[in-house]
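Order of writing sets the chain letters: A, B, C, D, E and F. Residues in each chain are counted from 1.
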Amino acid sequence: MRIDNRKVDELRSVKVVRRFTKTSAGSVLISAGDTVVLCTASIATELPGWIKPEEGKGWITAEYNMLPGSTPTRKKRDRDGHLDGRSAEIQRLIGRSLRATLDRVALGPRLITLDCDVLQADGGTRTLSITGAMIALIDALATIPDLASFPLTDSVSAVSVGLIDSAPMLDLCYQEDVRAEVDMNVAMTGSGKFIEVQGTGEHALFDRSQLNELLNLAEKGCRELTQIQKDALGADWPF
Amino acid sequence: MRIDNRKVDELRSVKVVRRFTKTSAGSVLISAGDTVVLCTASIATELPGWIKPEEGKGWITAEYNMLPGSTPTRKKRDRDGHLDGRSAEIQRLIGRSLRATLDRVALGPRLITLDCDVLQADGGTRTLSITGAMIALIDALATIPDLASFPLTDSVSAVSVGLIDSAPMLDLCYQEDVRAEVDMNVAMTGSGKFIEVQGTGEHALFDRSQLNELLNLAEKGCRELTQIQKDALGADWPF
Amino acid sequence: MRIDNRKVDELRSVKVVRRFTKTSAGSVLISAGDTVVLCTASIATELPGWIKPEEGKGWITAEYNMLPGSTPTRKKRDRDGHLDGRSAEIQRLIGRSLRATLDRVALGPRLITLDCDVLQADGGTRTLSITGAMIALIDALATIPDLASFPLTDSVSAVSVGLIDSAPMLDLCYQEDVRAEVDMNVAMTGSGKFIEVQGTGEHALFDRSQLNELLNLAEKGCRELTQIQKDALGADWPF
Amino acid sequence: MRIDNRKVDELRSVKVVRRFTKTSAGSVLISAGDTVVLCTASIATELPGWIKPEEGKGWITAEYNMLPGSTPTRKKRDRDGHLDGRSAEIQRLIGRSLRATLDRVALGPRLITLDCDVLQADGGTRTLSITGAMIALIDALATIPDLASFPLTDSVSAVSVGLIDSAPMLDLCYQEDVRAEVDMNVAMTGSGKFIEVQGTGEHALFDRSQLNELLNLAEKGCRELTQIQKDALGADWPF
Amino acid sequence: MRIDNRKVDELRSVKVVRRFTKTSAGSVLISAGDTVVLCTASIATELPGWIKPEEGKGWITAEYNMLPGSTPTRKKRDRDGHLDGRSAEIQRLIGRSLRATLDRVALGPRLITLDCDVLQADGGTRTLSITGAMIALIDALATIPDLASFPLTDSVSAVSVGLIDSAPMLDLCYQEDVRAEVDMNVAMTGSGKFIEVQGTGEHALFDRSQLNELLNLAEKGCRELTQIQKDALGADWPF
Amino acid sequence: MRIDNRKVDELRSVKVVRRFTKTSAGSVLISAGDTVVLCTASIATELPGWIKPEEGKGWITAEYNMLPGSTPTRKKRDRDGHLDGRSAEIQRLIGRSLRATLDRVALGPRLITLDCDVLQADGGTRTLSITGAMIALIDALATIPDLASFPLTDSVSAVSVGLIDSAPMLDLCYQEDVRAEVDMNVAMTGSGKFIEVQGTGEHALFDRSQLNELLNLAEKGCRELTQIQKDALGADWPF
């Protein structure tokens, strides 16, 4: 039995509030259990310096941040100009995952920034950021008036899995995460292809069959999260 | 008639959600019209370096931050280590206002940090931060088990007033704020004493009688905001 | 009786040396009692990025800095790239005050930077910076050969007032400043209009009648400082 | 046929120079084809702040850096204090991999820092850093006089694999790396357990069977790299 | 004939104002022609981290800074945390020169910081800083009540020399400095020993005989500057 | 007799490996005794901002860095954005020395950056960097296809000399360097002209005759280093 009475292959309860704020083109408050992330999508026509506007291609980038109040012990802000290594790594993962199904030509010369600000952290913030940001991204794309075709070829969701006392479990909460021997984050498309597989032996090593069990769980979790995204978007689901 | 059909001496509608998150000792989501601020209060026993623990006195400090998605044009994060002058000035104002009724000995050797993160900005973010943070602070103080006496002698609220086309108005929204000739932020105690009066002629100068009219409006606004705080806290109102 | 034998409504003795250095278009060494500030005004034709040169409008900005030797305990230089909050707040106040009577079109596409470097600090450095910088600014404007009209519509001066043992006093020196219950900085035009009113209850709150007494004192102080500016500029007084 | 005439499951030629410099406890110049990394291991008795010396446990950390001359277009140094996200991510990976087989109690209260400075970059710098740093680490551990038991339970090596034109290939050089649809870095122990699996769909997605083929290749590569480490250490191989 | 009608071996006119400010233990305003430097000496009992207080030895350090108004084109402040290379080099030179005749045991466990802030720059700011700081240092040492013996064994002064159109000249002003083929800064003791010789071929190389001519000029200049220091200190001259 | 059995006027044994890496236009691994420096030369067509491309002139700059493993106690990387004063000073010296014989018009609008990364430090790193970088620079210049004339008019080498127990010695190793009373770095052209003379009394003062003896030694050392450069370049020696 798990800490919060879930089965080993059970996701935490997910809630999605679209248009939580109205200043951004997309704005989603997403929670999974006690993890809460605000994902906002902003569209700009100023491209990063390394993209030549004449190519006509766009870009999607992400920034990840934990608010000071998101953890029981207050988390110091990154105000000395040194983005900590963990945050840098996470926001690179979010950005790559959201670009995996992007047609840059269809997007046109636009930069979309997905800001994932964690309001409350209870494990799985990076994967919930990807799942929520995808909804905000779809909402934001819908505000662009004159797109020839929809710039995403598929949806993306992500989930964490791990080995705890040698048992594979889906969607770890914080108390499970700190105990996990192996921790794996997996991002997948709605149609079931892999985008990212990041498995780390934190306190133990793992063999090929354990890896396979973890991947099975992750596939199940991502399938369910895709359905949750679909339900949240309803008639606005573009695929 | 004002942009949003309010009377010149009318506050925007204020909503307060206490315990919006549960990781912090106090957590208040407060909105006034379209301005939304998350105020969290964290209690630590590590004091700032300049306070000697043997004095037995505490401190309250504040940090102010606008999330990237809080403005129609995405606001760049302060990731280069240079807190912009405006934010520095605002968080100093918030901290000073919240300390105005503090009995540092009654608080004991504790540091309470009020984080005011603006989720949506439509004018008056600094004064709404003070009004909301006061509620989060009262909630946080209630979690300290063994206080000999309550460490605040009075509540604090704040509001902005301004001159628009020479007419004094209460609680400016963003569109009014950019047009205001004179902009004034006032923080007051629940019993009607002044803590801060910051009036600035942005596009015009002002004389003594205009200053008096603005102060009258601010007194009315703070009186009403005190009542809103009282209603939100209900039986937990400590004064 | 005050520490330095002044009356409660008496300014400290002010000395002005114009053209203290000759590398800048304007250069004023101003002292009030033991507070000494060097104010230099530099004219550049490169505008800040947010001003479009085709608008033909200029700008005035200010920087404030205390030299390490200006305080009895050496003040560390801001060499880690983090301008401290107090300095940021002060230089924003100085800049706003000096722009209050500026006709940006008459100035033309020029940037004037007022550098206020405190050589010795004994209270009132921010208000003395404003009073001295106004003289340096007038001297600097006189060096621009082909101005259609003078770009300032009025002079500006500033002074501090405060409540000490509940008594209102004018132009606080450092020893008074640290004891003051309420501290207020006021910037006014030569013709007696308000530009900035910044009152802060440091160790006490204040009511409306105390506020009025402080404003009376500040008006008297600014009137006298305007006369001192006029005397220093003599035939060069432009108003 | 591959760019450099290798078979799809063939490693580049690896050369190891132990004790390349003598100022560090361990110093290995390792090259794989045209990728060259200098790995030095330094032992200190000052622990990171978060480790309490009384626990008696040690730590291993890593820093990764590319020299300016390591790439055909000169790589700017990180002199503005912002370690780029990619380097931060890589050095966290190196550190985690080297700690995977560490017995912190056997190491005792020591900090070993592995510096991996890339002298020439032709793909696979992060995995070659791990493989080379493991040799430098073993050499450094041998200099500690009074260890009760050897602090590593197994060796660690790492290799990159990828899909190019849908074909899985081992140990990508730079020209292959930029063309790869999927890029995967795998770290394993000498006895064939996984430590890290990081697979990323850069220009394409991948399915379960492709993932399996990539893992097969990586297992073969790591097996061969373990033998190379063993040959380089000769009689000093501790396992 | 030189630009300012001096002979090739003639110093600019030097003026010294002791006790220009009174917040520091030593405070000297020194000028040579149009170069003006404020040198303040502050005494602290907190030693730099690398000095063990139990050794009983002191230290002297220096900081060099040009005020924004010190040059015809306003000099940007070092507010991004990157002290420019030239200033770093200069303040290291000043510190070394002032320590050259220091008896660290006689000084006792004290840190004296010499701040050299250039108010107006017309060439030779680093050497004038040394010459002026030595006077401020002597004044500061005189304020320490209980020194067993005077902590300096000799005075120090410094001057610049250079080759212009192949002719050696003493004490270059800015217009000469930019034209100089070779530029040399020399610091010497009052009794005529060398502390620093820094000669640089800026636009030309130099041979041994030219080097000798420059050293002759520098010796003459330092001899005269020593006399100026002696005259300024009068009865307070300690040697 | 010296620590390493050299005569007082004897250089350490110098080894030069040209083309140590192949990613840079010039790449030299140079060692003198136990000091080892990797000097790479990179050619770019983007000029520094202060050079107008239409002038048709080039520039040479240098960066100096010690790898963490280059010293017995690990040297912390400059990752907080504050290049330490010593490194800043050294890289300015290297750059100036390499530009001393440069014909900027012959180079054309190119920027050549010489990166001097110290792999092992045993004294004399700055002078060995100059000597090695000159060889890398000559190799890099040879790769530019269409130069009208060779852009250097002469070679440059550098060496350190010092007074130890009052005896002048050539090419100090680290143990000698820390004991030296006077330390002098001298850069000269192949034909025997001075570029830089930087003498510092670290623990003692020096007189004119001691200065002359040190210069004699430095001339001998630079003459021999020029021959070593000539031998290393063989038929590629351009002078």
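Throughout what follows, a residue touches a chain if its C-beta (ideal position, glycine included) is under 8 Å from a C-beta of that chain, and two chains touch if they have at least 3 such contacts.
On a predicted model such as this, the values are computed, not experimentally measured, just so you know.
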item	value
Most widely separated chain from chain D, with each centre as the mean of CA atoms	C
Reference interface E-F: repeating pair among A-D, A-B or D-F with over half of contacts shared	A-D
Centre-to-centre distance between chain F and chain A (centres being mean Cα positions), rounded to whole Å	51
Centroid distance [mean C-alpha coordinates] between chain D and chain C, Å	60
Separation of mean Cα positions, chain E and chain C [Å, integer]	33
Chain C residues counted as touching two or more neighbouring chains	80-83
Of chain A, residues touching chain D in the complex	81-83, 85-86, 88-89, 91-92, 96, 100-101, 184, 189, 192-202, 205-208, 211, 215
Chain E - residues contacting chain C, complex	20-24, 27, 34, 36, 38, 40-42, 44, 63, 65, 67-74, 77-83, 113, 115, 117, 119-121
